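Notes follow once the structure below has been shown.
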Amino acid sequence: MSTYGFIEYEKASPEVRAVYDDIMATRKVDKVNNFWKAMAHDPVRLKRTWEDTKQIMSEGSLSALVKELIYVAVSVSNQCNYCIAAHTASARKKGMTEEQFNEMLAVVGLANENNRLVAGHQVEIDEQFKAVG
Amino acid sequence: MSTYGFIEYEKASPEVRAVYDDIMATRKVDKVNNFWKAMAHDPVRLKRTWEDTKQIMSEGSLSALVKELIYVAVSVSNQCNYCIAAHTASARKKGMTEEQFNEMLAVVGLANENNRLVAGHQVEIDEQFKAVG
Amino acid sequence: MSTYGFIEYEKASPEVRAVYDDIMATRKVDKVNNFWKAMAHDPVRLKRTWEDTKQIMSEGSLSALVKELIYVAVSVSNQCNYCIAAHTASARKKGMTEEQFNEMLAVVGLANENNRLVAGHQVEIDEQFKAVG
Amino acid sequence: MSTYGFIEYEKASPEVRAVYDDIMATRKVDKVNNFWKAMAHDPVRLKRTWEDTKQIMSEGSLSALVKELIYVAVSVSNQCNYCIAAHTASARKKGMTEEQFNEMLAVVGLANENNRLVAGHQVEIDEQFKAVG
Amino acid sequence: MSTYGFIEYEKASPEVRAVYDDIMATRKVDKVNNFWKAMAHDPVRLKRTWEDTKQIMSEGSLSALVKELIYVAVSVSNQCNYCIAAHTASARKKGMTEEQFNEMLAVVGLANENNRLVAGHQVEIDEQFKAVG
Amino acid sequence: MSTYGFIEYEKASPEVRAVYDDIMATRKVDKVNNFWKAMAHDPVRLKRTWEDTKQIMSEGSLSALVKELIYVAVSVSNQCNYCIAAHTASARKKGMTEEQFNEMLAVVGLANENNRLVAGHQVEIDEQFKAVG
């Protein structure tokens, strides 16, 4: 389910199909996730969101797996259940072990805790950490 | 500055000093950050927070650098300025390049954006992503 | 379902019924949403929450539709599924088109992304944007 | 500083002064905080916000001190520096000890951590915790 | 359900069982919640999370009930459904009345509202509230 | 200040200058904000972020002013001070009155409050609001 429903491949316009085709080719899968089928209600946004995602999540100076771990970490921090489920699956596909998942999650928990301890004490930034650029 | 001020090494109790000493030895630095000096008002918490942090952030199946990147990613997502400043410095010290910083940040931005596109459309989790454990 | 259940009209006290009646008259509907039936466990809060809501969401220098769009935008940003569902329905009733929904959501996504790019870079506020009042 | 500046008592309209007077009388102080002076740009909102605040924060089945602790806890979780500073001061005035502050903050940190561990593992709600009302 | 499933007592290793036993003894219950059964995939984390939780949530200068209220308040603010359900149950067991629940929730709502009014107006911290420690 | 400093026009590469030029031409201003000067450390991201921003924030089925109001609303909800300052200025330039600002902010406060009242009571979505698409 989704607010305005999903656009299935069969009913999609040529421009939406072109994006779906690129998603399936890039990810080597034979169907697109619900997320993209909801995005497709606005073809310009679909294309923009997909191209941004493809560009940002691809192998770079950080590996595609590390990027997935960061994506899951942020989604966990924001409590986005869909994103946690989809990107945990995606990270596993890229080779994430259960041990790596648990270590990532421990860091997410710790950062969320320490972020608040800092805020509660109104801790001033140490001179040596101040941005000087 | 900080709500209840900082506990400097010179005025610290032996149990607080023991933690400060371990922080400095572990991190190979000659002073502790403001965060720890604020935490020290409650020596039990200081010890617990430090030991959790040391354990969680150490080299594991994820490298210490990847853990710092995840820590920064969460702190950015939560808008904790102190934590961003301190852990960006820490990540640099562990070898983070500017390119890696930028790639990490791009993922954080993207995840924050897509988390909301998902929520706005109330996208249902795809069958294949559902936790079955 | 709800933690303490719902107070249905038939079982409501006269003061709760008075609020329910005002909600139905104001909104031209013949039943109240689950939200109000959960709020009714504390009649003082029910009345305060309703009167604040009625006052804040009414036509003003911003139209009632623009206010609904802002309400949905915040609820999406906070990942409140109930609020997204209820206020998307409400916005549609006030005339929101699917195109407007998509444009609103694109702004929510962008703001969430850019908020983090700013935080990650610790960008200082430009002189000309500083509050001077 | 503040976006539209502050409305000082001397320049305030009679309806704004009436609220300021009630704030000072209720809190037994001789000036109002910056928050109220920023709110005063919209006298209807000033009155509504103050009356809601007075009603909600007053002694009830929870003491006024416990309410302040909860207020600080939420503000810390949301990283609102102004609110942390103002309500920590307010809690101290109502008798909060440093030990109580530290215990409150430890709970805030723990809840923020555990909230994410739960989300990351997508833990299903135990049958006995499900709302049945 | 949960990403990696649950570790039931019967299948747990001795070190996991030791933690489960301590949870059941401390809380005087005869089974552990899903949260702990998900945590158990990483026995070191299970032990650390439980010991932190036991230490932080125990009776102190704040009562165990007040701590539960703060825990629920933060979980509500973060929209963690599991945590709200589990800790509301826990607070009730420790004696929370429905009236106390409603008062806590009203404070959470108010703080979330006022936190944003402050941010929107970019209100500067009053001199007397500035941390001077 | 900013983590890696700012890229000024004079020192920018041709591709960065091309984006700066487009920003200034589009917005009819003679310099670019700090945000863009921090983004410019990664020219690909600079171009992507600017093009997304230009596309999303332009006049559409929602006016450019309504889009700015939604942008500010989200930034307030996320406590991003830079974004609040920059986009409040931008909204004013597009004609936002102080009254509209105050009404927008009141909705942001209310939504943040009600989002938590809903979460606290674990209110189930009404049948008629469920996404059926």
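Chains here go by letter, A, B, C, D, E and F, matching the order in which they are written, and residues are numbered from 1 within each.
The rule is simple: a contact is a pair of C-beta atoms (placed from the backbone, for glycine too) under 8 Å apart; a residue touches a chain by one contact, two chains touch by 3 or more.
Keep in mind it's a predicted model, so treat the numbers as computed, not measured.
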Neighbouring chains shared between subunit E and subunit F, ordered by label: A, B, C, D
Most remote chain, CA-based centroid, reference being subunit C: B
Of A-D and B-E, whichever chain pair has more C-beta contact pairs: A-D
Which listed pair, D-F, E-F or C-D, duplicates the contacts of B-F in over half of its pairs: D-F
Centroid distance [mean C-alpha coordinates] between subunit B and subunit A, Å: 20
Distance between chain centroids, defined by C-alpha means - subunit A, subunit C (Å): 27
Subunit B and subunit C, separation of their C-alpha mean positions in angstrom: 34
Contacts with 2+ other chains: residues of subunit E: 1-4, 52, 77-81, 85, 88, 99, 101, 106, 108, 110, 112-115, 117, 119-122, 124, 130-131
Chain contact graph, described as a line, ring, star, complete graph or other shape: complete
List of subunit A residues in touch with subunit E within their complex: 79, 88, 98-99, 101-102, 106, 122, 124
Complex interface listing, subunit B residues touching subunit C: 72, 76-77, 79, 81, 84-85, 101, 105, 108-110, 112-117, 119-122
Subunit A residues touching subunit F - in the complex, by the definition given at the top: 1-6, 44, 48, 52, 55, 130-133
Touch list for subunit D against partner subunit E, complex: 1-4, 33-35, 38-39, 49, 52-53, 56-57, 60-62, 66-67, 69-71, 73-75, 77-78, 80-83, 85-86, 88-89, 97, 99-100, 103-104, 106-108, 110-115, 117-126, 128-131
In the complex, subunit E residues that touch subunit A: 3-4, 41-42, 45, 78-80, 131
